[in-house]
Amino acid sequence: MSKSSAVPSGVTAATLAKDLRLEWRSKDALNSMLFFSLLVVVVFSFSFDPNAEESRQIAGGLVWVAFLFAAVVALNQTWARELRNHVLDAYRVSPAPANSLFMAKALGNFVFVVVLEVLMTPLFIMFYKLRALGPAWQLIPVAALGTWALVVNGTFFAAISLRTRSREIMLPLLLFPVSIPALLAMVNATTAILTGELSAKFWIVLLTTYDVVFTIACLLLFELVLNAE
Amino acid sequence: MDAPPIITLTAVFKQFGRFAALRGVNAEFAAGGLFAILGDNGAGKTTLLRVLAGLAQPTRGSVSILGTAELRSVRHELGYMAHPSLLYDEMSGAENLRYFGRLYGISNSTDAGMTAVGLDPTLTRPVAQYSQGMRQRLSLARALLNDPKVLLLDEPFSNVDARSAREMVALLAQMRSAGKTIFVVTHQASLLEGTADEFVWMEAGQITNRNRQLRAVETR
Amino acid sequence: MKRVFPILGLLTAVLLSYALYEALVAAPTEQTMGNVQRIFYYHVPSAWTAFLLFFINFVCSIQYLVRPNPVADKLTNWTVIAIAIAACIAAFVIRPLPEGMEPSSVATTGLAIAGLYFLIKKCFSQTRTDALAVVTAEVGVVFCTVVLVTGPLWARPVWGIWWTWDVRLTSTLVLWLIYISYLMLRRFSTSGQTPVLAAALAVFGALDVPLVYFSIWIFRTQHPQPVIGGGGSIDPRMLHVLLINWLAFLFFAGLVCWSRYRLEILQREVEETQALEAMLEPRSRR
């Protein structure tokens, strides 16, 4: 068995694969999240009962608020398994780079939240009789970029929250203010596409910038956060 | 000692708020020895191990392992086992070892690692269903994954039956013969009598006594 | 220090009184808004003071994060110098500048940023930098609250609305939220490395602000909104009163920060002494 002092590669892939496998196996979190998503959509439909014209105006905001709720619940679970038996210590003691762990967790969260979004969207379309008047394909990059914006910062702040009291409330407390520009972009882009009245291009550019800036910031600072005692 | 010490602690202090866990630890440890760290609860034994593992930064002082104070660069030569199992309860033993092996860049089979600690590599039960003894053995296997030069074990024999404990001690003796330096924090010093090279007594955050004989170090 | 503080306090009191007189009595009455406009002399200087304090917090946070790492430290030094040089060049090369910006002010701002950075680096050790970060965050939040309260108070009688999503108000709100979350992190953190976590959050906050600006700018081009506070030029007499008020606010902010800073340093010294005692004295056997 050769042992090199080089930094091990493939840690991100291995960690992501492990997380997805464990999530699939237990299906606990998955099932409760699915039901939660359904509940959110139903509750929102009861609260706002617009006609088709109005719904296009407000659906952007409603949908993203619902996704935000779902994302926060998912993000709070990010490190739950690692906390149980102090597994993070095992990670810190190994030569595996902190960023690999971060990317794996962020990607895992991304997959998880996208699954929820994919399940919630048809329900929203149904309840709100939604139909995109603008270029519907643009919704895909908006959803992808928007979800990554929430997930990348959410994973980072979830790690910060590990060292605080009232962990579950600290995460949204830290995440929401910083996410405001991204939320604005997501909501307005979606509304623009649904109503077809305006262009979503600028918002997509903003989201891309946001994603790039904060992904770099997270990668630069995660090691410090992981090793904070 | 003719060989240079493999681990040197120089005036190491570790503060947690107002609590001083380590108060000026000065020590040198030679390579290839099995050191038993003893002491009452709160003496600083766990903190000492965590500082050596790089999990806790000393508030003052420095630690040198394998000739360098940059502990990050020697992580691949360290093995750490703590009181929590540091394992995923939801995965089987082999899966756990395979994953943690990837953290060290190891993609070999984990069978040898499991049989070395007396576990059946074909077990598919998740670790949550292991007995405490099995969990301790797997935790040790995880610490040994990267064939480390320095092993740091925190209470490896706690809640383990006498037979398993003896087997683990025999394994540690084997490792020591293979040239590893091993630190064992334990409350069951008698288990290591005859095997450990030196007994180190800690009290109130300091090393107060070191001796090859257990009797000379124990104060009761 | 003990003698300077009361003198400074007296000076601040004088300045504040003078500024109050100027704002409420001496300044000319605005022709469309009437006397309500005078709240402008509190709203704008509070905003500038809050932004300055938050900027100092940002500089302290960056320093706290990069100082332990020599490579990062050097890199940041050179980046700051580069920013100052770029600002000086851009001030005289870019034509035309965005409205409201003079070449001299752009260049001065660039140099001031660099000056502030190296001043803090020289005069404050790592712990003291962190203490300064805490202080500026707290006092900054107070001034920011003043901005957010005076804004709607001014907007309601004049423009008939309590709030609008304009660049200044929105970015002030976001900054306020970010720094409230910063203070909550400081309070709720159980880590020994709280300063590092808080500094990381401050950096994230600082990165967020330009993005907020950009997003509101897009929003307003798509959804025209009323402009609170008016744009454009300002009567020189009013500018004079504005600057006097800002000076008075700066002195006041300086006084409060200094006082809070002393308290923070004292608190840390007490903790350090207690920690030192625990380290050196033998503990009683239980």
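The chains carry the letters A, B and C, assigned in the order they are written, with residues numbered from 1 in each.
In this section, a contact is a pair of C-beta atoms (placed from the backbone, for glycine too) under 8 Å apart; a residue touches a chain by one contact, two chains touch by 3 or more.
On a predicted model such as this, the values are computed, not experimentally measured, just so you know.
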| item | value |
| --- | --- |
| Farthest chain relative to chain C (centres taken as mean CA coordinates) | B |
| Chain whose Cα centroid lies nearest the overall Cα centroid | A |
| Comparison of A-B and B-C by number of C-beta pairs in contact, larger one | A-B |
| Chain A and chain C, separation of their C-alpha mean positions in angstrom | 31 |
| Gap in Å, rounded to a whole number, between the CA centres of chain B and chain A | 38 |
| Chain centre separation in whole Å, for chain C relative to chain B (CA means) | 49 |
| Interface hub residues of chain C, defined as touching at least two other chains | 192 |
| Touching two or more other chains - residues of chain B | none |
| Contacts with 2+ other chains: residues of chain A | 229 |
| List of chain B residues in touch with chain A within their complex | 53-57, 73, 75-76, 78, 80, 82, 84-91, 95, 99-100, 102-106, 108, 142, 146-147 |
| Complex contact set, residues of chain C against chain B | 192, 271, 274-275, 278-280, 282-283, 285-286 |
| In the complex, chain C residues that touch chain A | 65, 174, 177-178, 180-181, 184-185, 188-194, 196-197, 200-201, 203-205, 207-208, 211-212, 214-216, 218-219, 221-222 |
| In the complex with chain C, residue positions of chain A that touch it | 153, 156, 160, 163-166, 170, 173-174, 176-178, 180-182, 184-185, 188, 192, 198, 202-203, 206, 209-210, 213-214, 217, 221, 224-225, 228-229 |
| Contacting residues of chain A [partner chain B, same complex] | 1, 3-11, 14-15, 18, 22, 25-26, 81, 84-87, 89-96, 229 |
